[in-house]
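Next up, some structures in structure tokens.
In the two assemblies presented below, chain A is common to both, partnered first by chain B and then by chain C.
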Partner chain A sequence: MSFTRLLAVARKEVIQILRDSRSLAIVVIMPVTLMLLFGYGVNLDLKGLPVYVYDRDGSQQSQDLLKRFQASEYFHVVRVVNDYPAITRALDDGHAKMGIVIPWDFSSQLGQGGPVQVQALVDGTDDNTANVLIGYAQAVVQGYSTEIQLNWLRGRGQSIQPALVSVETRTWYNEDLESSAFIVPGVLALVMSVIGAFLTSLTIAREWERGSMEQLISTPVSAMEIMLGKLAPYFVLGMFDVIVCAVIAIYWFQVPFRGSYITLLVSSALFLMVVLSLGFFISVLAKNQFAACQIALLVTFLPAFLLSGFLFSIEQMPVALRWITSVVPARYYVSLLKKIFLKGTPTAMLYADLIPLTVFALVLALLATRSFHKRLE
Partner chain B sequence: MPEQETSVAVENLVKRFGDFVAVDRINLDIRKGEVFGFLGPNGAGKSTTIRMLCGLLKPTSGRARVAGYDVAREPEAVRQNIGYMSQKFSLYNDLKVIENIRLFAGLYSVTPGKLKERIEWALAMANLKGRENLITGTLPGGWKQRLALGCAVLHKPPIIFLDEPTSGVDPISRRQFWDLIHQMAEEGVTVFVTTHYMEEAEYCNRLALIFRGKIVALGTPSELKRDAMKGELLLIECEPLGSAVEALQSAPDVMDAAVFGNALHLVVPDADAAVPRMEKYLANHGIVVSRIEKIRPSLEDVFVSLTTARDAGEERTA
Partner chain C sequence: MLGRLKQMLIKEFIQVFRDKRTRFLLFGPPIIQMLVFGYAATFEIHYVPTVVLDMDHSQESRELISRFTSSPYFDVQRQLTDSRQIHDLIDQGKATVGLEIDAGFAQKLRGGQTAPLQVIVDATNSNTALIASSYITQIALGFAHDYQQDRIYRIAPQMIDAIPSVELEQRPWYNPDLSSRWFFVPGVIGSLTLVLVITVTAFGVVREREIGTLEQIMVTPIRPAEFILGKTVPAFLIGLFDVTLIATVGTFWFKIPFRGNILVLLTGSVLFILCMLGVGLLISTVSKTQQQAMVTAFFFIMPAISFSGFGFPISTMPQWMQYFSYAIPLRYFLIVLRGTYLKGVGMDILWPQMAAMAGLGLSLLTFAILRFHKALD
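After this line comes the complex of A and B, so read on.
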């Protein structure tokens, strides 16, 4: 290994990156854009869902119930209507996610001790939203119902505990249940995939396409020197973006950071090794820019997006998919990120993720070096 | 004598890509300080041969030694001793002139002590002194080729391989480029150069004509012109050309007839004897001959004659 030759390749690569506005844009603008996009755009919290109300009773009691809906941060009562078709229309054209219909005998039935039913029409196109809506609606109505019962009992001079058994919840790690805290750390895995695999596979495939690789391998520079020289600048850029993203996450999105900065950097370095090796391997196989970047997105970005636990919880996936995620390196990185940011898990307890990630990094780096020969076949 | 030292020795070298035989059992022996030309049409196997000699392609069979090293078993030792200019490539266009030179100096491990002298040398050679900071992509083709050559020989290799170095370069720059090649050959560097320009072939000390993977002729340009052709050459200027070619192709004793510019080149066993007979033959066919004489063949005649002979041979065996 000659340091002079390695340095010559690396210096050339740095000059080319600095002179190419497109790769600079990817390095600087892409991480910020992705952070903002996922930090603001993807909101898994369901708040202020639009609700239409048709109150056929118009009594004091029915208004009390509706006030409870209005008071909840999960619902936003958009409009009170006077007929049934207005609710149907609102659901049809998406102006409302839920319609609440209070029957004309609501207060009179309650006066007689019930039971009475309130109808909730739910837009089920998005099953997740629908389930959450139903849950919230039941909780609101349940609360109202309990209060009436208590008042009724008190009126008869009896006093009982509101409930004998209750759950007292305390949410750890993401106390405010903000989905940005859950999502934003995982964006790092996407950014690394783009820098590590997409960008590098492009630049190496470009050398094959333009014939400059042929010129390079005709010189005494070794395969290892070419690989390290070409990848080193992207490693530095990747680590730079780790810091940029962490700063945005912590200071802009106020995501708690409870772990160690060193563990964050080590995990990121390992994941960068994974994606850089993959990017290099792909470009050696594909040798043309279009194919290389398509494959790179397919094997790094997509799994990092869908199968890493970044947005969709791995525990809730079908068994077959869960098995597949165990060979998705991004899965371990995302898991590490969430633990480092939100839980502050001590490094000693992160081995379940760190070891597989290290194994992937070493195996893929070996694969990349083995795949590249100084030959044209 | 050092001139007799062998730089490149090729024995029965074969390269197959699937069923296609790109290079078919070629043999070469190139001496130190020689400018050796490899002439042939596109797809004849020129680049494949040069890539095998640079250790970039593994030969299917046969052996090749460059600077004493086996290209299949010791490609790295070969690369220490050669400079190579590939056909497709002319430096990194987005780098400055000086940055390209520094890159190759680094790749060839030019020592810091010699770096300044070699950079100056390359700049002088490419006539780019004072233009170090130009972006390479903005240079005219001829300058770029000279700079590329300069970069390929920064480490003073004893052998250089140039794959169609002057394709797409204007004639004056081409001439200047060949002056550089000869300058280096005088200093003892062996130059292996491929081309499909016939006039460039004349600048080589020795030539190999390659056609469909086979070497069909080998020698100095004058040897080739004298010996390689079977038969002698007649030049005929006549009217109309088209029907003359048609008539002559079936004439007795005519080995080949082809149009060269506004005249015909005719290959016959004995030119002097053929002149009166051809005049008569053409007159019988109603063709007006304004000029008929024996001429010395050019390399192009040799090449056309050798390749058509081969075509005819293959058609017969097919």
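After this line comes the complex of A and C, so read on.
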């Protein structure tokens, strides 16, 4: 292996990247865009959900109950309607996520005693939103019910203490429970996958497709030199993006950073090796840019998005899928990112993630070198 | 004109289906992605590892804990004796939720003071932590409410029939079991179609330009309109076929109910595919190489999926993102998909979505074709 030839291949690749100003812009803009998209767009903290109300009673009591709904930050009472079809229609067309129907005999039933039912019609399409809505609606109604009971008993000379339980939640590692804090560190894995696998998988496939690979083969450059030379510029770009992402996460989204910068760089370099090797491997196999890009999407981006614990936690997946995630390198990288950013776990304690990631990096790098031959078929 | 178009179409179909790998890539990845998404993407939580520290040892505290033990959402693994243990177990990732009941809980509850339940959640655990904390609140409030009822019963058993109370009768519509799969699978149909149609269209044109065959085609008597049609018709058909394929897999494999009219869904799909053809063509007019096309496509695809309400409700996003989402065709197609699948609504409800897609599709296609003419000249 000659270092000069390697450098020459790298230089050629750099020139090609530099000439293509868009790809270069992408390398800078993409991490920013992905960070903003996920930092702002992913929000599980549901507030102000649209609610329609149908008060068939129209009494003081029913108004009191509705006021409690209006006062809650979780509901936004968009409209008060006066027939049932208006509510079903609003649920059908999505203008309301919940419809509250108060029966016509609400206040008279309350006067007679016994339970009165208030209906909550919930759009169950989005199960998470529906669950949250039902939970908070339950809390509002129970709060109201307790109050009228205590008043009623007091009116009859019985004074009973209210039973109050408060839930004091402390969220560790992410004290404000900002969705962005647990999402944003994981975005790095997505960015690396795109840079590593997409861009590189296209570079070799492109040479085959355009026929310039034959020219490369006729030169004295060895297979190893082609591979390293082609990947080196993308490695540098990838590491640059790690820094861009970390800066945005820490300074823009105020995500705490409690670990070591060196560990972050080392694990990012390892993961970058994984995706670059994968990208190279794919491009050798595919020899056609469309195929390369589809395969790259399937084996790098999709697992990094779905099976890494970035958004959806692995422990909640079916057993078979959980098993598959153990061969997804992004899983270990995302786990490292969360530990480095939020937990500040000491580097010595990270071996459970670092070792598999290193193994993947070495095995895949080896596979990539083996797969590529200077041969025309 | 028809003769030339026919020749062009024959060429395109040969090109697409000649290669076994490309043939597989058009239909294989969407199915794989549908399956992975269906299993991995979930907001449901089951048996979240939970540890409990009960320092009160009262009947009340045991009763509260037993509500967690019997809940399918939590798996109470250990009863601890020291609050430092919670710290360690969460640090090691062995528990996601820690519940702590301090001494004096029952006393406060009996005395009408607020009795606190301390909750510690590991917020690095993706969405689970957020969803779990809303269930914890529900369980705690339910406990307080039942405790109150018991107390009233004990103090004034003769009044129990006369005392007024309000109950919430919840009816989750469309998705009575509140299954995440029902929410995600119809959405996946939309996002996979988006990725496929855009890439097929953009790559199809840019490939010819990159390899140089575009010039060869331009010297034939073919007219730009015929060329555009020749490129878009196959992409359109592939898109339509894939929608059907993914929808079939989604419906039968995951047993998602289809309650609406298949023609409404078909109309929506056609309009949506037209929009995506427009986007694909537009990308092809601004890209010289496939790598550029891929990168540009990616820049459209990521925001399109994030803003569309695919995973997270649009109403919780920042205002600027909400405005932006109106320009995203996928937003409307998702409403059509979920509307026809889960809600079973028809044109009377979905016409605004159809109109929006038709409008967007028309302007995108017109714009793309105008630009395309220029790009060819």
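Here, the second predicted complex is superposed on the first by the 330 of 377 C-alpha atoms of A that agree within 3 Å, B and C clash if a C-alpha of one lies under 4 Å from a C-alpha of the other, contacts with A are read in each partner's own complex, and residues count from 1 in each chain.
By definition in this document, a residue touches a chain if its C-beta (ideal position, glycine included) is under 8 Å from a C-beta of that chain, and two chains touch if they have at least 3 such contacts.
Please read these numbers as outputs of a predicted model, since none were measured by experiment.
Counting the residues of chain A touched by each of chain B and chain C gives the higher count for C.
Of the two partner chains, chain C is the only one touched by A:37; chain B is not. Contacts of A:326 after superposition: neither chain B nor chain C is touched. Residue contacts after overlaying the shared chain place A:219 against chain B, while chain C stays out of touching range.
Of the two partner chains placed around the shared chain by superposition, chain C is the only one that A:127 touches, whereas chain B remains out of contact. After overlaying the two complexes on the shared chain, residue contacts for A:15 are found with chain B alone; chain C is out of touch.
By the document's definition of touching, both partners, chain B and chain C, reach A:210.
In the superposition on chain A, contact of A:2 is made with chain B only, not with chain C. Contacts of A:156 after superposition on the shared chain: chain C is touched, whereas chain B is not.
On chain A, the surface patch touched by chain B in one complex and by chain C in the other comprises residues 20, 210.
Contact residues of chain C toward chain A in the complex are 19, 21-22, 25, 29, 32-33, 36-37, 39-46, 48-49, 64, 90-91, 96, 109-131, 133-138, 140-145, 147-148, 151-152, 155-156, 159, 161-176, 178-180, 182-183, 195, 199-200, 203, 207, 210-211, 287, 289-292, 294-296, 298-299, 302-303, 306-307, 311-313, 315-318, 321, 335, 338-339, 342-343, 345, 349. Residues 51, 54-58, 75-76, 79-80, 82, 84-89, 92, 94-95, 99, 102-109 of chain B are the ones touching chain A in the complex. Within the complex formed with chain B, the chain A residues making contact are 2, 4-5, 7-9, 11-12, 15-16, 19-20, 210-212, 214-222, 374-377. On chain A, the positions that touch chain C within their shared complex are 20, 22-23, 26, 29-30, 33-34, 37-38, 40-50, 65, 89, 91-94, 97, 109-132, 134-135, 137-139, 141-142, 144-146, 148-149, 152-153, 156, 158, 160-174, 177, 179, 181-182, 194, 198-199, 202-203, 206, 209-210, 286, 288-291, 293-295, 297-298, 302, 306-307, 309-313, 315-318, 321, 338-339, 342-343, 345.
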